[in-house]
Amino acid sequence: MCTAISFETKDHYFGRNLDLDVSYNEMVTITPRNFHFYFRKAQDMMSHYALIGMAAVIDHYPLYYDATNEKGLSMAGLNFPGNAHFHREDPDKDNIAPFEFIPWILGQCETVEEAKMLLSKLNLADIPFSEQLPIAPLHWMISDQQQSIVVESVKEGLKVYDNPAGVLANNPEFGYHLFNLNQYLSVTASAPENRFSKQLDLKPYSLGMGGIGLPGDLSSTSRFVRATFAKFNSASGSSEADSVGQFFHILNSVAQPKGLNALGGGNFEYTLYSSCCNMDKGIYYYTTYDNSQITAVDLHAEDLDSAQLVSYPLISSQQFRFVN
Amino acid sequence: MCTAISFETKDHYFGRNLDLDVSYNEMVTITPRNFHFYFRKAQDMMSHYALIGMAAVIDHYPLYYDATNEKGLSMAGLNFPGNAHFHREDPDKDNIAPFEFIPWILGQCETVEEAKMLLSKLNLADIPFSEQLPIAPLHWMISDQQQSIVVESVKEGLKVYDNPAGVLANNPEFGYHLFNLNQYLSVTASAPENRFSKQLDLKPYSLGMGGIGLPGDLSSTSRFVRATFAKFNSASGSSEADSVGQFFHILNSVAQPKGLNALGGGNFEYTLYSSCCNMDKGIYYYTTYDNSQITAVDLHAEDLDSAQLVSYPLISSQQFRFVN
Amino acid sequence: MCTAISFETKDHYFGRNLDLDVSYNEMVTITPRNFHFYFRKAQDMMSHYALIGMAAVIDHYPLYYDATNEKGLSMAGLNFPGNAHFHREDPDKDNIAPFEFIPWILGQCETVEEAKMLLSKLNLADIPFSEQLPIAPLHWMISDQQQSIVVESVKEGLKVYDNPAGVLANNPEFGYHLFNLNQYLSVTASAPENRFSKQLDLKPYSLGMGGIGLPGDLSSTSRFVRATFAKFNSASGSSEADSVGQFFHILNSVAQPKGLNALGGGNFEYTLYSSCCNMDKGIYYYTTYDNSQITAVDLHAEDLDSAQLVSYPLISSQQFRFVN
Amino acid sequence: MCTAISFETKDHYFGRNLDLDVSYNEMVTITPRNFHFYFRKAQDMMSHYALIGMAAVIDHYPLYYDATNEKGLSMAGLNFPGNAHFHREDPDKDNIAPFEFIPWILGQCETVEEAKMLLSKLNLADIPFSEQLPIAPLHWMISDQQQSIVVESVKEGLKVYDNPAGVLANNPEFGYHLFNLNQYLSVTASAPENRFSKQLDLKPYSLGMGGIGLPGDLSSTSRFVRATFAKFNSASGSSEADSVGQFFHILNSVAQPKGLNALGGGNFEYTLYSSCCNMDKGIYYYTTYDNSQITAVDLHAEDLDSAQLVSYPLISSQQFRFVN
């Protein structure tokens, strides 16, 4: 499934692992300010903030998996099967299809606070992109440089959670994950002390034993715990290279190697790509499962006043550098 | 500390994470066949198999951390503090200093079976490289294309273990790690079934829950379990790019992000480099903590009949690839 | 804190561990049918079902911790600190003080279905028993011979959960516990199979390894999991002695030995008493921390048409039986 | 399988759970000083220390499961399948059959130090009691009022371990268990502190969360950890009733309820009896699976200068005490 995190050193970063068994030809896609955003049930947007992110572009429409706008506001959709529930049109609300949700928020909002205002009158309506493309059961993290929230449309309605961890994984509902961190509160990045009994001569025989108790599997609950632990104990320099490098190391700690999450029939869920967007500078970095070199796309290197989408296909073959 | 693995697809691979808090200016170093290997207490080797691996070169001597010879035999030394014990010279044995151990084996042996014969008359003698460079408390994994063994010099003498896992971490003694895998025997890469009670409607709410029970910390025992699980459940193509890529994904599953293993005083152990050597082709691939692109050095691109060491400094700054 | 379970062999049983640091002089107390139950805000009950259970009797009022009525309907209050929230009087509801809740339900209802009807118009009002005796933050399990429910009065209002596990512990809210069982779905009472890798020769070295993954601590979440596992995998004869004995063995698996749950200042929470009531026969069995012999009190041995409470002080000193 | 512990308050206590699927009609058996102990390969003992303990008496020979002598020296045999290995007769050693081991040590020794001297020339010889009664694969704990040791006869010979935990379970070899405690060193009986991250507001939601990480299953490794934790964190009064009661509470924390350890075919391993012997006073207390009342047999109530075994059949039916 997936893991998204926000992260801060000197600058602010937002990104995610996309864990799936198949790719949908997603590309790093820039939506400039004057791209015409058509909405099924809401007013069109003729001009809006520019966006950069990962998207499958279908019929000229960018179906964003995750994106950041020119103000830094960032958003990622993650799988939420069984729990995501989208509702009938509600005449008293803004009815937005799930696939329109990222453009609708990032096109208009500069901050999470602004997004919250839009969310207060939002109905995520059960409108698929097309007959061939049914609704994906997602939930979302929205982050700016100050805070993160999680948006879940469930049977009871639309729920918005403050997210002090700045991390999102998948099932179950977000409240469970946040509470579940309490189970791990005594886990530490430092050497553990003998609290078992002073009468017994117990001591660490290895570095890293303070982390004993952290779960090592690939379930969503375990990835949430591990990513949160990695993020909050992270130590890195604050340069762009250090920050981006560290961001990918954190994502790696919850990445899915191919084979370890078997779906049956010889299929596996694994980490198709990992992304890290500098929210302040609009630079979108990514690696793919098959290419560990970091590729970068710069929002501000494009003509942001254009009306045309720009897409960069992923460089997904391993870029070995032979030195002899 | 460290994790080493051997791995097989179409070709055979051997490599490791080096986890430490400081680098000793190690470089990818090729020792050609006619480099004069001087031994403190044993006969010099004027000619021998050529080697490629990671080494700190001091006073023209390659102190290998891990290496592969032109026949594919491979060897890595990993930290084993408190347990490693090296003995006084024994006149009835071949007395080899720990720092000479990799050249001594890889210089002469084509296979693990040949290495075992040398080990039967070996004494790892307590001889430091120099006064400034005391003996490192190591144990070693030796692998060829068929099998792996572990060599531990402890108080009771030299112990040689068959290693069906083909994985090595650090403390405690190797037998513990191998036995400890039994604790995790019901962990699976597939979806788990409800065995708790048929009367309760329990089911997986996330992919990856078969792995629940795997430890997620950075201790040597947990890294051993996790690396073994990743290796034996790995699914990858058999091309060179697929195999090498998968190898680094396995190593990533036990890599140490900076900050998660705190030594106190603002110091951290983290994964300085990860290596993967194609044992059949003699190509040494590596990444560093700060450079996720895979760099490669080819043994056979050098003059292997030379007498001069060749060293390639690590490319350790992030190699971003900007596409716009 | 506490653990309650319902259990069925030939007959039906209901009971609990009371885990606290101090006793309040509770006694096995029988409330006959014509004891006058006065309610602060609701109509008095001049006659009602007879009750047996554990209660502190204060000012002639039985403050029941757990009880069973003559029809078998059973109820236990367990600690729920931080989450329990009792509300202001609501003129549209039946306003019942928390301490009146057990008499109010068990006095009138024969089944859980009948209890549910009362709950639909219930407001648990924030009325203490007295100034000296503030409101205890409780939640409740109600069980008849067919089913169990959990009642939690929280900030959002009164929540009633179906409880297919028939087990209750403490924090957090009940939904978390029930969902959390999914984490343990592959744990089994049988010998585990090697699912880690067929290429490795892993096998159980001990009986009982199928249960690896069960938590062994005394937290409420762990006690809930362990008690549920014990209950649903229990194997016992169906005689009264076998059933009652097995019930106490299940409770023992989540009992708190003194010292293992330290509150500071030399105080400890431990299992003050364990109870098991035969719901069909009205026999209340208990053990205390200091007396492992099972003491029994029979509801039907009393004059159930009386108006007077009958209390039997606990036999709490160890009843050794010397045979020589 | 089984768990044995030694324990100290004002007096000293030694006992065990016997976990099996069938009983062999064991009884509390006193061997007075002048009972003639015949040994297969060693000198007979015409007089010796008196013993009390649990034994199956076959052909007038007490096959002790666990026993204490009149000096307090105590010994228990626990299952050790696959690892126990008994050797051919060795003419240079005292050849003692495994079933003679407890009489041989407890008959002659007052302390563990004395036992160690006998062990230095001991060979546990592969001599069965009879054709019908093959050798049980056991290892043993020997305790006096000061210390405990473990004796394991394995392929490599007889191993004697100091046992600072004073606890014994089953497989694997004892050294593993003792080392394995280090994995749990940060587990505590006190409330845990947030070490995960000071930036996150994590806190205990339940008492007992310091123990998170303790294993809750019935495997030998988990029982060893849990019993050691219970023993070293135990808090009890020092009276005989308090001490004995607490001892049984510790044993209960590793007891096996019927059904949770399934052997297949509808058979289950469970705790047949639990024992606690006051080493100083020679009083043997026990409970059985079906009788939770503590029964007691006093060594010193018998004629210790007799030559006749005295056996008290177990009182194994539940001793309910009805108070009305």
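Should a chain be cited, it is by its letter among A, B, C and D, assigned in written order, with residues numbered from 1 in that chain.
By our rule, a residue touches a chain if its C-beta (ideal position, glycine included) is under 8 Å from a C-beta of that chain, and two chains touch if they have at least 3 such contacts.
Owing to the predicted nature of the structure, the values given are computational and were not obtained by experimental measurement.
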Listing by label each chain that touches chain C and chain D gives A, B
Note, CA centroid farthest from chain A's centroid sits on chain D
Go through A-D and B-D and name the pair with more C-beta contacts between its chains.
A-D
When centres are defined as mean Cα positions, the distance from chain B to chain D in whole Å is 43
Separation of mean Cα positions, chain B and chain A [Å, integer]
34
Averaging over Cα atoms per chain, report the distance between chain A and chain D in Å.
55
Numbers and ranges of chain B residues touching at least 2 other chains
172, 179, 183, 187, 190, 204-205, 209-210, 212-213, 221, 229, 233
Along chain D, where are the residues that touch chain C in the complex?
1, 28, 82, 170-172, 187, 189-191, 204-223, 225-226, 229-230, 233-236, 241-242, 244-246, 248-250, 252-253, 255-264, 266, 268-269, 285, 287, 289-290, 292-298, 301-302, 312, 315, 317-324
Parts of chain B lying in touch with chain C, wherever the complex brings them together:
164-165, 179, 181-188, 190, 192-197, 199-205, 209-210, 212-213, 228-229, 232-233
Flag every residue of chain A that touches chain C in the complex, lowest number first.
172, 176, 179, 183, 221
